[in-house]
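Take a look at these structures.
Okay, so chain A shows up in both of these, paired with chain B first and chain C after.
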Partner chain A sequence: MQSIVQPSIQPLNRQSKIERFIHGPWPFILPALFGLVFMRAFPFVWQIWLSFTNMRLGRPGEFIGLQNYRVLFQNPVFLSSIAYTGVFMVATVAGQMFFGLLLALLLEEDFKGKAVYRMTFLIPWIVSGFVAGILWQLMLVETRFGMFNALLDLMNVPPVRWLSNARNAQMSVIMVYIWKGLGFSLLLMSGGLKIIPQEMIESADIDGASYLQKLRLIKLPMMKDIISVNIIFSVIAALNSYETVFVLTGGGPGGATSIIALVMFNTAFGDGRNQLGRGSAIGVVMFVVTLIFVIIYVRKTNFAKGYGKP
Partner chain B sequence: MKALRHISILLALMILFTGVVFAGGGQQAPAPAEPGQVTVRFLVPQWASTRDARIERQVAFQSVIDSFHAANPNIRLQEVVSTASSYDVDVANQINNGTVEVVWINNPFYPTLQQDGKFVNVEPFLSEADKADFFPWTFEALKSVNGELGGLWHNTDVRLFFYRTDLMPTAPKTYEELITMTRQIKNSNPEMAAPFFASLGHTDAITHVWGNFEALGGRPFDDNGKPVVLDGQNRQYWERIFRTFKEMMDAGLIPESAAVAREAGVVPLLLSGQVASFIANSNYGVREIVAKLPAEEAALWQAANVPGYQGTAGGRSVSGGWVFSARKMDDPVLQEAAVKFVLHATSFMAQRNVNKAGGWTPTRTSVFQDDPFYQGDRFMVAADEALATATVRPLNVMSPIMASAIADALSQYLSGSATLAQALDRANTIIQQEFSNL
Partner chain C sequence: MKRINRPGRLAKLGLNHAVALFAAFIFTYPVIWILMASIKPDVEIYREPLRLFPSRIDVSIFQRIFQTQPIAHYLVNSLIYSLGAVVISLAFALFASYGLSRHEFKGKQATLITILMVQMIPALVSIIPIYLLMQRLGLYDTRIGMVILYSAIRIPWGVWILVGFIDQIPKALDEAAIVDGASKFRILWQIIFPLALPGLASAAIFTFVGTWNEFAIASIVLRSSTNLSMPVGSMAMIAGDPNDWRMVSMTATVNLLPVLAVFALLQRHIIAGLTRGAVKE
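Up next is the complex of A and B:
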């Protein structure tokens, strides 16, 4: 009987573990994974832990449960900052949307020097928040040194307390943030206008639609998704930025312009207070609010379902 | 593709390495010393080191290191320049991890570490002459935390009243006099935007008037350490201080922007010649007036003690500044070497050279008496006089919280967003709430 010699089964992959690692997906995943773990995940988990402690800079904290959160929601400074942050967020986002759309529509038209105008409107967005704060402080500060009051003076109008009156300071901060975020809004709105098929506009022209009709019935509905994304990005930016208001008013007068991010910074690092546990609790509250908007964004863009899939 | 994979792995390793290094706070291992030598690492911010861009600072700090090496050949100094975005965070990490032996620390942060007994008591190492040379309040303040002298005050500043002598021939002794003088200036110089400027929107404001509060008889804490800064009589003192500023602001004697301004808010008015007087720290004389104004205009400026209130002791000012401290450690040889450096870095020579280069105010009386610059500079002479009677805001973890709450109250009252009673009630609620949660 002839024996049948079975060929020995060779492993399909004879590569060593190192070679498999090098030729697998991990080399491309690891840099991002390490970055994510060191720069995002670890600080985030650490921050949540700190929010349940009374840690101060230089002193190890003890676990105090929800006490930081209880104190926060009884603290008049924090509560008034929530109220102003809400107003600030709605007003800046609405302002940025409105003026962003208006400028995008204007820049859609053909005219000489369009590129220069577009660049000019983008500059505030590129400028650092601290620099923007200093510039506006110099322009708004009362006395003849301030540009705004100097202009009013030329018209024999008495100077306005732009930053030292609570209501005016609140409006001034909102105005500066609208100016600062306008470039980003303009960029997105311009992109949104560009993806509208030209044939639709031409058809509407042939049908005799007015400019406002084209805007209301074609352009705005077709830009719906872009506007939603723009709103969500602007809301997240408004919630997390503090540097301009830090320089412009420092949250004053009397806390009138304290936005949550600034309260967090001051609690954790400002004026030698160093209440890291409390500051972390404010950060967690900010995270929860931001998360709500991120969830809306993810749903809106179908991000979770995956882009590019058939 | 293969090269890309290798680059990617390299990148991952770099991130891992960076993560590990930064997790250690950028700490430095002691450099190898010669046989028989010990290495003392001292932590300083970049702007107070040999690596600062300003040549005069580089030279001054290097002279301190070189002279120490010459006097102590068995000790090697290693300057650790902080690269952290928050210097206080770096100090805390490096002291708690034992990775530096000496730190230069801002005085409001000193109590946090000294409460846990982190620093060596340097008092036994001081000669009687040294003890007599430092301004007495430096020892009182540093010892107030746990009874030990956990460092030596290296440089300071004291609030001064700066005034233009062509508009205000003599400095007012009281706020009542100041109001009368500034009204006259305003009447005869309608173009003058601000006869008087006091930054009132931040804790700077409380630093300005802390001496006034104490001179009026105010006590921030009771005998049990409970904050009573806004209780009973203390509250009435603050009401008096607040009302004075409100009166001046309503009369146009203080610019309204002062309600939100930090100390540096005076600089644009100073440069435009629209301010007749202001309160700021003593270094403004050298760093702002002399350095930035034309010589003939700078010559018009003079400085004096901050005004007081009628019926109370004269205006008293408050100091800030930085302290050299040595970490407590098990190695007696290394600890002794660290203390030696603290003594050297705060010696007459070091204080004279470094403070002059930095534009700061020294804490040794001998520097004012024996150095020609400090003897002759009118602003430093005023600083010396003010420092003799100065007090420091209590070195206590509640102090920054109190200052912040009272500063907010002042700003609310001045800007019209709250009545005086509402503003002070709110501040007291915050202070008591924070105290009960310490």
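Up next is the complex of A and C:
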């Protein structure tokens, strides 16, 4: 173990193990690490154990092996939740990437008021998930006095059931999450565009490249890494979405918008049966899928060689 | 861009503004609408959805929710949770970042990777064991428990932001202080702390907004109305009377205003904190 303590002050070889520990980095790191391991990492591990039990609230529960997983993956409610979660993830991430890139490209152009525009684009991202749910619930009121239906009414279109029709509700939830998460994607995309060397663009200009050619042949390839990082973050966020959809639809109608986190909350705390063991199994599924993306990220950013500089 | 002629350039400028305005409209309209709805007279909110600005300002609902609902309580609680998490998590994170930035040792990479991975996996996925842990520690439905939990959740963010900042502070400064016989705690307090203040500021704002907005965990860990945080308490209020749109809008507005204020004033810090925490550049 190396220490930065100057040998002239305290010769290394004279120090006992304890002294070396005290003068090393660990006294600074351990308090944070303890909190982290105890309150954050330990629950991940404990949850794996819980998922093998039939624990309910106020009842310790016994070991039942893989029973929870078996029941879950045969349960049509859970399977349809997984199916919607998949669609939801793909659609929101695709939407966030596409519009995030579009707006980042727009903000790269030269025109006045860009700073103000950028700020307005980021507002949904700073709004809490809870408030976003409330906002959109009011926008999507289904009588003709809802904002969206009032607009349709102007064009003589009959009111749409935005949230009480299963298909529409699924689309509305996706739309709201794209609205909410776009700002983050925009920030990363803007960062990615900034690191492209200006000379490359200029030499392409001299060769007479069109805008789309420059985008396809220079910008996108140069942004490959930042786009993958962006996708990884957005996928993790989408997979772990809860509050906006909880407030907006509560998972309804008839479970149509029950993304996986809602099923976990409902299984453990919502439906009166409080099956903590089975809920834990859902949590483990979410954990494992998230972990896969985290590992991809860590490898992608070459984390081992320095502080994860991409 | 010399090749583009003048009318073409004007058309392009017009298009840019048109697209930007349209996007700005979509992003801000619902937010502005709800801010306005909270001060509209009843008739206008229920019957004129396309009217944005109220014909007269009516703040009676504001007084009503503060008189009939424990919303002031929720506000104070949320302030305690957010500020508590800021102070505690950043104190821990500052110490850890100093240790990590200023030492080379076996296990440094492993520690950093652990912190990064824990940061990237949302606490939400382990909400059930967190709930049980809080119960067993006697922290369930207590304000101190909520502060401890939020602090623990925010530590890794703080470390990630601060390690980057402290790395940029020249090591020669600490070495000079060591020669003068200063202890490491003094170096941390008198050299690192003041120089890391910009980093601490962005970490603080980022932590504050994140904690202020947090809903899912608080909805499980808190129960009594004296302890509820702003979003969870607001949810309870709204669930009580979902058709009172004015009350709903005003409640959302009270949730929203502090965050909008922080964002308007300190936008740059939040973005710096985020990009530093998310992708190290």
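Observations on the model:
Heads up, the rule we're going with is that the second predicted complex is superposed on the first by the 280 of 310 C-alpha atoms of A that agree within 3 Å, B and C clash if a C-alpha of one lies under 4 Å from a C-alpha of the other, contacts with A are read in each partner's own complex, and residues count from 1 in each chain.
The working rule: a contact is a pair of C-beta atoms (placed from the backbone, for glycine too) under 8 Å apart; a residue touches a chain by one contact, two chains touch by 3 or more.
The shown structure was predicted, so the numbers you read here are calculated from the model rather than taken from an experiment.
On the shared subunit chain A, the superposed partners chain B and chain C overlap sterically. By the document's definition of touching, both partners, chain B and chain C, reach A:Pro27. In the superposition on chain A, contact of A:Ile226 is made with chain C only, not with chain B.
Within the superposed three-chain model, A:Gly35 lies in touch with chain B and with chain C [touch as defined at top].
Touch criterion met: A:Met119 reaches chain C, while chain B stays clear of it. In the superposed model, A:Leu138 lies in contact with both chain B and chain C. By the touch criterion defined above, A:Tyr177 lies against neither chain B nor chain C after alignment on the C-alpha atoms of chain A.
By the touch criterion defined above, A:Phe52 lies against neither chain B nor chain C after alignment on the C-alpha atoms of chain A.
More residues of chain A lie in touch with C than with the remaining chain of the pair chain B and chain C. By the touch criterion defined above, A:Tyr84 reaches neither chain B nor chain C. Once both structures are laid onto chain A, the chain C stretch out of 99-107, 135-143, 153-161 or 171-179 that overlaps chain B is 135-143.
Shared contact residues on chain A (touching chain B in one structure, chain C in the other): 23, 27-28, 31, 33, 35, 38, 138, 141, 145, 269.
Of all residues in chain B, only 5-6, 8-9, 11-12, 15-16, 18-19, 86, 88-89, 91-92, 95-96, 106, 108-109, 112-113, 115-116, 193-194, 201-203, 255-260, 262, 265, 268-269, 272, 274, 397, 399-401, 403-404, 408-418, 423, 426, 429-430, 433, 437-438 touch chain A in the complex they form. Residues of chain A touching chain B in their complex: 22-23, 27-28, 30-31, 33-35, 37-38, 54, 56-59, 67, 71, 74-77, 138, 141-145, 161, 163-166, 169, 249-250, 252-256, 266, 269-274. Of all residues in chain C, only 12-13, 16-17, 19-20, 23-24, 26-28, 30-31, 33-34, 37, 46-47, 49-50, 92-93, 95-96, 98-100, 102-106, 108-109, 111-118, 120-133, 148-149, 151-153, 155-156, 159, 163-164, 167, 178-179, 181, 184, 188, 209, 212-216, 220, 231, 234-235, 238, 245, 248-249, 251-252, 255-256, 259-260, 263-264, 267, 270-271, 274-275, 278-281 touch chain A in the complex they form. Interface of chain A with chain C (complex): residues 1-6, 9, 23-29, 31-33, 35-36, 38-44, 46-47, 50, 103, 106-107, 109, 111, 113-114, 117, 119-124, 126-131, 134-136, 138-139, 141, 145-147, 149-151, 154, 179, 182-184, 187-188, 191, 195, 226, 229, 233, 236, 240, 242-243, 246-247, 261, 264-265, 268-269, 276, 279-280, 283, 286-287, 290-291, 294, 297-298, 301, 303-304, 307-310.
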